[in-house]
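Below: a set of structures, written as C-alpha cells.
Shared chain: chain A. Partners: chain B in the first complex, chain C in the second.
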Partner chain A sequence: MAGSTTTLDGAAAGTTPRRRRNYARQYWWFVVPCGAVVLGTIVFPWVFTLYMSLHDYHLGGGQTFAGLDNYRKLIADERFLFSIIRTLYFTALAVVIPMVLGLLAALAFHRKFPMRGLARTVFILPMMATPVAVALVWTMMFHPQLGVLNWLLQQVGLPPSLWVYSPDTVIPTLVMVEVWHWTPLVMLILLGGLASLPVDPYEAAKIDGATPVQAFWHITLPLLAPFLVVALIIRTIDALKAFDTIYVITQGGPGTASETINIFLYLQAFAYYNLGYASAVVVVFFAIIILLAMVLLWTRARVRNA
Partner chain B sequence: MRKLKRFAWNISFGFGVLMLVAPAISVFLWMLSLSLKTELDNTDFPPVFIPNPPVLDNFIAVFERNDFVKYAINSVIVSFTATGLAILFGVPAGYGIAKMRATNAAVVILIARITPGLSYLIPLFLLFQWIGLTGTLAPIIVTHLVITVPIVVWIMIGFFEGLPAELEEAALVDGATIWQAFRHVAMPLARPGITVATILAFIFSWNNFIFAMVLAGRETRTLPVAVNNMLTFEQISWGPLSAAALLVTAPVLLLTLLAQKQIVAGLTAGGVKGG
Partner chain C sequence: MTRGITRRTALAAGAGLLAAPPLVREANAQSAFDWKRFAGQRIEVSLTANPRSQILIQNQREFEDMTGIRVGAEAIPEQQHRQKFAIEFASGRPSFDVVGISLHVNKRQVGKARWCTDIRALMADPAITAPDFDFADFGAGAVAYSTQSDGRMDTLPEFTDYFILYYNKELLAAQNVAPPATYDEMYESARRLNDSRRQIYGNVGRGLRNANVVLWSSFLLGTQQRDCINAERQLITDTPDAIWAGEFYKKLLRDCSPPGVSGFNWNESQTTFMQGRAAFWLDGVGFAAPLEDRARSRVAGKVGYAVVPRGPAHHHCAMFGTGFGIAEASQKKGPAWLYLQWATNKTNQLRFLTSGAGSPARTSPYRNEEAISQSRFSREFFATLVESARISRPGLPEIVPVTEFRDTIGAALTSTIGGADVATELKRATDAFRPVLEQSERAG
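Here is the complex of A and B:
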C-alpha cells in the first residue's frame, strides 16, 4: 500500500505536463461508471445513515426529526457502553495474538523447507473458508459435554471449559476462533515484507559475527516495521468489525456477555427495527474505527521518521 | 556436536511448523469427519475420529431437505453476477485512477474497506423496500457489489501502476485512442491482475453472510444463510449440519488450493478482505 504511486511518478516524468493534463480529463471516463456504482452503493448509504441518525424512524411508521436525541440516548445507554468495552477487549486480544503468531509464521514460511508451498496453502485455508461454515464446526467443538475440545483438555489433564457457554470464557473463546481465522492474513502481509528486505545488512552482520537472534532484533524487526504497522492497522479494523463468527456462535450471548458494538448494532437495526437509533450507532462506531485507524497511521508516520 | 545441534534445530523447526499448520487443517478434518459419521458416532464421548464405515447419509439428507439446491443456485447467481459487474466497472476504474494518480478516489475505496458491512444495510434495506425489490435476488447482488467493487478496484490500481507506461505511450503516439490503448495494450498485460481480482472478489462474495441474512426472503437465501438457519432449527443433528457446512465451503477451499499462487499474490499486495 505504501509508496505504490512511486512507479508511476518515474514513468510519467517523460511526458510534458500539458499533454498529461489533456489525457487526464479523458481518463475520467474510465472512472465514471464505477464512480456511479460506488456513489449508489457506498457513498449514498454513508450520507443517508447520517441523515437517519438525526431522525426517529420506525418501520412503517414514518420518521420525525429528532436532532441529536439518538446520540444523547446512546451516550446514556449502558448496554451500548458495555458493548464498546467488550469490543475493545476482544480487539486487543484479537490483534496482539495474531500479530505475534503471524510474525512467527511469516518467519517460518520465509525459510525454505520441504513441502513449504503445501504447508503455506494449508495455513491460509482458514481465512478463505466460509465464516459461517467454520463457525458451525467451532460451535459443535465447543459443546460442553460432547465437544471434541473438552475431550482434548481432558487428554492433557486440564479441567473441562464451558467455552462460549459461560460469560467469563466467551470472549477469549471467540478470540481463539478469530485468531484461527485471521492470523493467515497477518502472515501474508509480513511474508510479503520479508521477501522485500535487502540482503546486504544480513551479510554485513554475519561478517561482524552477529547471531541470528541479534540479526532478527536489530535488522529484521526495524526493516519490517512498516509492514508490521500495515498488518496492525488491517487487523485492528477487522477485529473491530468482527461479526459473522460471533453472530453465528453466540449471537451476543450468553445474556449480553459477547455483545460487541457490531452485534448491538445488528440487534437494534434488524431485531428491534430502531433504524434511527441504529444509524446513530453506525456513526459512532465508524468514528471509533476511524479514530483508531488514525492513531495507528500516526504511529506509522512516526515509525517511518524514526 | 555441531551436526547434532543442527539436527535438533531442524526437528524443533519442523515441530513449530506443524504446530502452526495443525490447527488450520484439523478444523476442516473434523468437519469432514462429522459429515461422514452416523448421528450415534457424532454424539459419542470420547469422540470417534475416523468414520467407520464412512456413510454418505448426511449428504443425502442435505440434498433431500431444505431446498439446498435452490440456495446453491442463488449463491452461484449472486456471486457470479456481483463479481462480473465488479470486473466490468472496476477494471477500467482502476486503470483511470492509476493513470490520473487520483488519490482521492483511492481513499474512497479505502474507507469503503474500513466501513463495517452492517452499516450499509440500514439505508439499502429501506431503499429496496421503497423500490419494492424485496423478494428478488437483485438487492443481494447490489449489496455484494459493496464487497466486490472495492476489492477489484484496489487490486487493479496496484496492477496498472506497476505496468510500464512506455507501451501505451507508443500506442498513443501511433494514433490509438486512450480506450484502444487500454483495451489492447494495458488490459492484456494486466490479465494476471484481473485473474487475482476475480478470484478474490468471488470468494469474498460467496462467503458473505450478513447482506443476504438481512435482505433475503425464504426464496432468495444464499448458502451461508441457509446453513445458519439449519443450526437455529436443528441444534442436535451434527452430521447433516457438518455436511452442509462442508458443501458450502468446499468450492472456496478448492479454489484456494488450485489458485493459491494468485491468491497469495493478491492478498499480500492489498490486504483485501470483504465485508
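Here is the complex of A and C:
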C-alpha cells in the first residue's frame, strides 16, 4: 500500500516538490479587524496624546509646536507635584485599609454562623451603589453643622469633625468613603480564595498542635497570597483611577488639599481647556502607572514562583 | 344744531390722510409679521440646567405653536455644559443652533473664537425681527455685558445676576441690629450676632476654591481699584486694595462664619442660611427662590433683602450674566433668531422675575406692578434688584482663562481662612497666574 501512503513531504514521497503554502500570511487577514480596532482605540489616541503634549493648544485658540515645554512646566509646577504626592497618599490608604478590612471580613464570613448569607449580602451592598450617588449622600452627611455624622459623634460624646471641609482631614475622609465602598470587593475576592483552599494542611497542622494564629500565618496567608495579589492589583488600579467621588465631594478642595492627579488633569483639560499641558500630564501619569504596574506584576511573579 | 366743515377740521382731516400711509404700514407690519416663515424646520437648543431653562423648556410649546418650528432642547448642569459647548464649537460642527452662555465665564472665549454669530444684523432685519421685540427694553448693563470689545453682539442678554445681601430678620431683630450700610458695619454686626455655642453664625459665604473669588471680588469692587485687571489688561490682584479685600474676606469667614466654611460653595451656604443658622449671606439673587419655600426653608417669610454694603471708596455689587447665542456654523440662523426673540420676550422675562428664578435682562418686568404684587417675594426684594442694577459692575474680569483665574486666586483665599497671610498668598497666586494671563492675551 506504499502508493496510497500520503505524506506532507512530497519530495520524500518521490512526488514533484511543491512550494509549502504559508498559511500564516492568509491568517493575517483575520487579525486585521481586531488590529484596526486596537489601532483606532488605543494606539492612535496614544500617539495623538504624545503629539498634543508637544504642542501649546488651548481649545478655541491656535496650536503651536512647543517641544518639551509642557514637560518642563510640569516639573516646575508645584500644584502638579503636590497632586502626585496626594495621589500616592490617597492610593496607599485606599489600598491598605480595604485589604486589611477585606481580609478580616473574608475570614469572618468564611466561618459558618446563623444568617451568614444575609450578612454577606448586606456587607456587599455598598459596592453595588453608583459612585456619584454615594458621593452625594456622603457630602450631605459630612456637613459640619447639619450632617448626620457630627450628630452621631455628639451622641457618643465626641467632638464634631470638619470631615471634608478641612485640609487636614479631607484625604482621610475621602479614603473612608472609598473604604466603605470597595472593601466588599476585596472581601469577595478573598472569600473565593478561602473557599478554594485545601483542608489537608489544616488537619495536619491541627494534629501537630498548631494554634489557629499559627495556622493563619503559616498556612492561610501563604496559600491566599495569589488572591491577595489579585485584590491588591485591582484595588491599586481603582484607587489610582479614583475621580468621581473626589470630584463630587470636594472638587479637589478645600483649596487644593484633595487635588489628585486625576482632578488636576480634568481641570487642565476641561476647565482651563489647556489640552497640550493636560496631554503632558496624561503621559507622565501613564509612566507612573506603568511603573507601579511593573512593581505589582513583579510581586505577583515572585508570589507565583514561591 | 349742526356745524359745517370748518377750516380747522379740513386741515386736521388732510393731515390725517397724509399720515395714514405710514400708520397703515406700521399697522401692517405689526399684524403681518410672519412668525410661521420657518414652519416645519427643527432647531437644537443647548441650555444650562437652571430654573430659567426649566421655565423655557416648560413653555416651549408656545414657541412651537406660534412658529411651527420644532425645538429639541437640552439642559445640562453648568460645568458639563460649558465643556460640552466649548468642545463642540471647537470641533467646527456644533450639534446645536442656539446655546446658553455664562458671560462671566465664557464671554471672551466665545468672542475671540467667533463661535457665535453677530446678532445685530438679524436684529436690524424687520423681516425676521418682530415689531414688538423692543430691544430698548433690555437694560444697558446687560447689553454691554453681551457686547464684545470689538462691538460685536454675539449673545442676546437673558439674565443678570446681582450679588445681594440676604439677612435673617429674626436674628437681627433679636439683637436690635440694622442691616449694614458699609462692609465695616457688616463685619461688626456679624461678630455681634455670632454665637458659635448655639451654632448660630454672623455670616455664611463661599469659602471653596474658585467659587469664593466672586465674594472677594465683591469686596474689591468697593475699593478705589474695583477691578482685577487694569486698563492695560494686566493682573492687579496683589495691590493694597486687593489685599484689603482679602483681609476683609479672611476676617469675615474666619471670625464669624461656621467651622468648615473653607469647603462651602453657594449650596452649603444656602442650606446653612435656610436652616436659620446664619445672619448674613452675600450671594447671587438667583438663589432666592428656595429661601421663601415654606416646605424647605426655616426662614421663609423672615428673609431680608438689601443691596450689598458700601466699600471704603465705591458702592458696587458684582454682576454676572447669561445670554443666548446662535452658532456661527448653524444653517438655521433664521429659526434660531426667532427662538431667541421668544426666549427673551417680556412674558418669559416676567416669568423669571416673579418665580424667583433670577433677575431678567429686560427692564419692563420690574415695572409690572400687578405681577410684582402677586409674587411671593416682598417689595423689598424687587427694590433691591432695581437698586442693584443701578450699582452693578462685572464681578469677574473679562479674560479667557477665567476658570484658571478663579482656581488660582480662590486657592489663595481658601488658605487665608485657614490662617495664611493674605498678602503672601495673593502675591503667590498673582505670580502664578500672571504668565497664564499674559500668554492668553498674546494669543488673542
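By our rule, the second predicted complex is superposed on the first by the 261 of 306 C-alpha atoms of A that agree within 3 Å, B and C clash if a C-alpha of one lies under 4 Å from a C-alpha of the other, contacts with A are read in each partner's own complex, and residues count from 1 in each chain.
The working rule: contacts are C-beta pairs under 8 Å (C-beta built on N, C-alpha and C of every residue); 3 or more make two chains touch, one makes a residue touch a chain.
Since the model is a prediction, treat every value here as computed from it, not as a measurement.
Q: Quick one: classify A:105 as touching chain B (first), chain C (second), both or neither.
A: It touches chain B, and chain C stays clear.
Q: Which holds for A:31: it touches chain B only (first), chain C only (second), both, or neither?
A: Touch status of A:31: first partner only.
Q: After lining up the shared chain so the two structures overlap, which partner does A:226 touch, if you call chain B first and chain C second: first, second, both or neither?
A: Once the two structures are laid over each other on A, A:226 reaches no partner at all.
Q: Please work out whether A:52 is in contact with chain B alone, chain C alone, both, or neither, and reply first, second, both or neither.
A: first
Q: When both complexes are superposed, which of chain B and chain C contacts more residues belonging to chain A?
A: Of chain B and chain C, more residues of chain A lie in contact with B.
Q: With both complexes superposed on chain A, which partner does A:191 reach: first (chain B), second (chain C), both or neither?
A: It touches chain B, and chain C stays clear.
Q: Would you check which partner chain A:172 touches, where first means chain B only, second means chain C only, and both and neither mean what they say?
A: Neither chain B nor chain C is touched by A:172.
Q: Touching A:133 in the superposition: chain B (first), chain C (second), both, neither?
A: So A:133 only meets chain B here.
Q: I'd like to know which partner A:270 touches here: chain B for first, chain C for second, both or neither.
A: both
Q: Is A:201 touching anything from chain B or chain C once the two structures are fitted on A? First, second, both or neither.
A: Once the two structures are laid over each other on A, A:201 reaches no partner at all.
Q: From the superposed pair, tell me which chain A residues show up as contacts to chain B and also as contacts to chain C.
A: 145-146, 270
Q: Taking the complex as given, what residues does chain C use to touch chain A?
A: Against chain A, chain C makes touches at 79, 83, 86-87, 89-90, 109-110, 112-113, 115, 199, 207-210, 258-264, 268, 271-272, 275, 277, 400-401, 403-404, 407, 411, 414-415, 417-418, 440, 443-444.
Q: Under the definition above, what is the set of chain A residues touching chain C in their complex?
A: The contact residues of chain A facing chain C are 58-62, 143-146, 160, 162-167, 170, 250-256, 267, 270-274.
Q: Going by the contact rule at the top, pick out the chain B residues touching chain A in the complex.
A: For this pair, the touching residues of chain B are 13-14, 16-17, 20-21, 23-25, 27-28, 30-31, 34, 43-47, 85, 89-90, 92-93, 95-103, 105, 108-109, 112-127, 142-143, 145-146, 149-150, 153, 157-158, 161-162, 164-166, 169, 178, 182, 203, 206-207, 209-210, 214, 223-225, 227-228, 231, 238, 241-242, 245-246, 248-249, 252-253, 255-257, 260, 263-264, 267-271, 273, 275.
Q: Looking at the complex, which residues from chain A come into contact with chain B?
A: 1, 4-5, 7-8, 11-12, 14-15, 23-24, 26-31, 33-35, 37-38, 41-46, 48-49, 52, 101, 104-105, 108, 111, 113, 117, 119-134, 136-141, 145-146, 148, 151, 180, 184-185, 188-189, 191-192, 230-231, 234, 237-238, 240-241, 243-244, 247-248, 262, 265-266, 269-270, 275, 278-279, 282, 285-286, 289-290, 293
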